[in-house]
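In what follows, subunit A forms one complex with subunit B and a second complex with subunit C.
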Partner chain A sequence: MSLELKRVEKKIGQDTHIYRTDLVFKKNTINILLGSTLAGKTTLMQIMAGLDKPTSGEIWFNGKDVTGQAVQKRNVSMVYQQFINYPNFTVFENIASPLKITGINNKEITKRVGEIAELLKLSGMLDKKPNELSGGQQQRTALARALVKDSGLILLDEPLANLDFKLREELREELPKLFENRDCIVVYATTEPSDALLIGGNTATLMEGKVIQYGKTIEVYNKPKNLISAKVFSDPPINISEVNKVGDSFTLLKDSVRWNAKNINLKDGKYKVGIRPHNITTYKEGNNSVEIKGKILISELSGSESLIHFRNANLDWVSLSNGTHQMNVGQDAKLYMNIDEFLYFDESNNLVKHV
Partner chain B sequence: MNKTLNQKAWLFVIPVFILVAFNAVVPLMTVVNYAFQETFGNNVFTWEGTRWFKQILRSERFHAALGRQFLFTGIILFIQIPLGVAIALTMPKKGIGVSICLVLMSMPLLIPWNVVGAMWNIFALPQIGFLGHTLNAMGFDYNFTQQIGDAWFTTVLMDVWHWTSLVVLLSYAGLRSIQPPYYQAAEIDGASRWAVFRHIELPKMKKVLTIAILLRFMDSFMIYTEPFVLTGGGPGNATAFLSIDLVKMALGQFDLGPAAAMSLIYFFIVLLVCWVFYNLMMRNEGQS
Partner chain C sequence: MLPIYWLLNMSFKTTTEIINTYSLWPQKFTFENYITIFTDKTWYTGYLNSIYYVLMNTVLSVAAALPAAYAFSRYKFLGDKHLFFWLLTNRMAPPAVFALPFFQFYSSINLFDTHIAVALSHCLFNIPLAVWILEGFISAVPKELDETAYVDGYSFWRFFIKIFIPTIVAGIGITMFFCFMFSWVELLLAKTLTAVAAKPIAATMTRTVSTSGYELGLLAAAGSLTIIPGAIVIYFVRNYIAKGFALGRV
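Coming up: the complex of A and B.
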């Protein structure tokens, strides 16, 4: 079983919403579409589902060309950011609705709805209407509707975005387990890099209608193909600065921060370095750290982490340290960068050296 | 913590209080005064208790007017609500067509009521009116000034023309507020067009439709100007709805006591029906 997008393109009038895309999702995988709003995640999902037709290109499912086939015939289910349930149906009727149309007998329906409700912790609420439920329970109902009919393709379009923090954490933890032992391909769209890392599977990074990179989530994170992919897959945003390599040492172009580069095989010249915020800390980390000075712009403490924005050589930097480190705005501070974790990009923004 | 007591906030309420007193309480109390007393002018009143109320509640004339009123309101609600929803469903959802439809739909609502009455009166005149003449030319014996059925037909048609737009606009607003994923979810389920209407659109429009029905009930139950101009309540008393009958009693016959009692009964009927209907509709809407 697989889902293949072949040379898929989507244009609306003069605007290109999806640039030529080739993707293959394999059987029993969770695939994450990671990108900011308007990156084309929803459009791509609607094309995969058959709710929308590509302007050109083909969609193959299980070795069959399904381009242009109506969505009802494709055995897909979809969960949305908004909690979509039939308002005047009870939770039971809602979950049963995709089964009713297939003409399965009532006994079987009751059994399957019961199982799914159990899995999603909805057993006590089967007689309630959606508007009597909390947001989290409404989304659980929508998830149950998507899971009950054994679709080959389950599409989740930012399913956690409208939930408050606690419910989001709770449901996010459960999600990967829900898809275990299920014969299906899951596609999950999100704007949050942390969602991708927690769920794992494969990730496709998207930017302005283009799929930038697709691969195992952890590989895409550690080896972003280029600067765009690194930017999409970093929150808080990745720090980028120009560096100059001469002989064995790298120098930040606009400052005198310098580090040794004996083990990095790159030609002398100009590069860009990408440093994720958690690799700039108020304490030394790793064996090879280098000092950077700056003026504090913003200092945010959130529970166990400190997010510190500072300015160095006309560039704004973001750092993320473990623990709470109180810094005053305007203060001059010293921070440490872990050079082992630096990503290097050449002048055309492609990755040349990773961790 | 000690709370300081400060009652100055009441001062802010005084202007509204005075306003409400003058435009609602004072006129209403005048009506209440007349309803329980008899007057022969010169500001001399004698106490009559519930006599006028009993008289009105037992009067056949009131029963007939009330019956006509319920029949009229029933008919126009039965036509306007489904028709309004149907038109709203067929209206375009985007593009230039939206503004064109909305402007066209709003037109009848912008015409003053007595102009609507006068317009339809001329439009329906049997010899020279476009509607009346056409119907007669087609072989129908149509004359709304003389035949009861024709008078009702014309009055209902006029009201449908004038007010269906309101239902359309409210329904359209309700429909537009349904997010596209609902339709997609139904499409994925393979739901029929009827099922989409029955299980998504109708429940999602419930609140605006409740408002539409309440507004149309109240307005049509108190209708006065348009039938007064169109038919003057005739032929005979055939289209004399409650408010037309009330004005006849109060200003035509100068029976101020019974007219005042009738006003109050009229007012309580409107209030009661609205209250019952609203509570029925909103029974299960606890949290949303």
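Coming up: the complex of A and C.
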């Protein structure tokens, strides 16, 4: 079982929404579409579901061409960012609706709805209407409806984006478990790199209608193919600066930062270095750290992490440290970069050296 | 409230009292006027005719406007915005303008003096209005609801009837109310297009002049009764109307 997109392209009028895309999602995998808004995640999902037709190209499912097939005939489920339930149906009827259509007998329906409701902690709410539920429960209902019918393809379009922080954390932990032991392909669209890392599986990074890179989530994270992929897969945004290599010595930012690194087999010359915010910290981390000075622009706390924006040589930098470190705005500060974690890109923005 | 009070006040008086004395409440309280209306066939058929064509028009308008409003809300097609606006401009012409063409047209196809003739002619201004109101309600429903239903295996019509219509029932309620009201109060077309068989109550009222002049008490009672259907409908849709105002379409 697999889902294949072959040379899929989507244009609306003169605008290209999806550039030529080839993707293969294998059986029993969770696949993450990672990209900012308008990257084309939703369009791509609609094409996969059959709600939208590609302008050119084919979609193959289980070795069959399903490009023109109506969505009703494909065995797919979908969950949206908005909590979409049928407002006039009770929770039970909502979950049961895809089963009712297939004409399964009532006893079987009651049994299966009961099981899935148990799994999603909805058992006590089956007689309520969706608008009597909290946001989290509404989304659980939508998830239950997607899971109840044993579809081969489950599409989740930013399912956690409209939930508040605590509920999001809770449901995000449950999600991968829900798909265990299921014979299906899961596609999960999100704007949050942390979602992708937590869920694992495979990730496709998207930018402006193009699939930049597809592979195992951890590999895409550690070895972003190019600068764009690295940018998509970093939140807060990755710091990028030009760097000069002469021998083992690297110089950054008009000679203000300098370090030596052995074992980097690159020709001398100009490169770009990508430094993820959590590799710039207020404390030394790792064995090889280098100092960077800057003027604090913004210093904010989020949970148990401190986000510090600072300026050095006309570039704005973002750093993310564990623990709470309050710094005064305008103050000159010293931070440390872990040089072992640097990503190097050549002048055409392709990765040349990874961690 | 004063004109309504005065109307009610008059309806419980005799015509003689209305003409000859000034009184804030009926001196000789009487149900005579109402009894006449409910027992005299020429009177109560006027109400029945009116209610008949108004209901017909309401059902026709909503039935035609629902698919149209759905299309305007969900699909993009060439000139959709212009068409949508043009629909509304139909309401800007006074219905009187269309009295003559309707009269001539219905006469020539033998629909003159039938309920359906009046009901259809009222569609002229009620369908655009219904499309306008319903489009607002439909656009407030995310299109993801439609998609979810298709993904679940619903065909379009099954989804439309089982899920979509119940979802926008408030909008349909309001639309019916407005269609009902505009059709109920419209006189000119209703009078022009009918003679005997489908004569509306308003026409009956203006045609009751006896030898002793207008039967004022009777007229007042008939007038009071015309308020009742509207009041009943408002009672049922009062909660929906607030929602409609919130959407800015009422």
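Side notes on the structure shown:
Just so it is clear, the second predicted complex is superposed on the first by the 353 of 355 C-alpha atoms of A that agree within 3 Å, B and C clash if a C-alpha of one lies under 4 Å from a C-alpha of the other, contacts with A are read in each partner's own complex, and residues count from 1 in each chain.
Everything that follows uses one rule, which is that a contact is a pair of C-beta atoms (placed from the backbone, for glycine too) under 8 Å apart; a residue touches a chain by one contact, two chains touch by 3 or more.
Bear in mind the structure is a predicted one, so any value in this text is a computation, not a measurement.
When both complexes are superposed on subunit A, subunit B and subunit C clash. When the two structures are aligned on the shared chain, A:Asn131 is found in touch with subunit B, with no touch to subunit C. With both structures placed on the common chain, the touch criterion links A:Ile95 to neither subunit B nor subunit C.
With both structures placed on the common chain, the touch criterion links A:Val76 to subunit B and to subunit C. Touch criterion met: A:Ile84 reaches subunit B and subunit C at once. Shared-chain residue A:Met48: touches no atom of subunit B or subunit C. Within subunit A, the residues touching subunit B in one complex and subunit C in the other are 46, 49, 51, 71-72, 76-78, 80, 82, 84, 86-89, 97-98, 101. For subunit C in complex with subunit A, the touching residues are 142, 144-145, 147-155, 158, 163, 166-167, 169.
Those residues of subunit A whose C-beta lies close enough to touch subunit B in the complex are 46, 49, 51, 71-72, 76-78, 80-82, 84, 86-89, 97-98, 101, 129, 131-132. Residues of subunit B touching subunit A in their complex: 179, 181-182, 184-185, 187-191, 199-200, 203-204, 284-288.
Put simply, subunit A touches subunit C in their complex at residues 46, 49, 51, 70-72, 76-78, 80, 82, 84, 86-89, 97-98, 101-102, 142, 145, 149.
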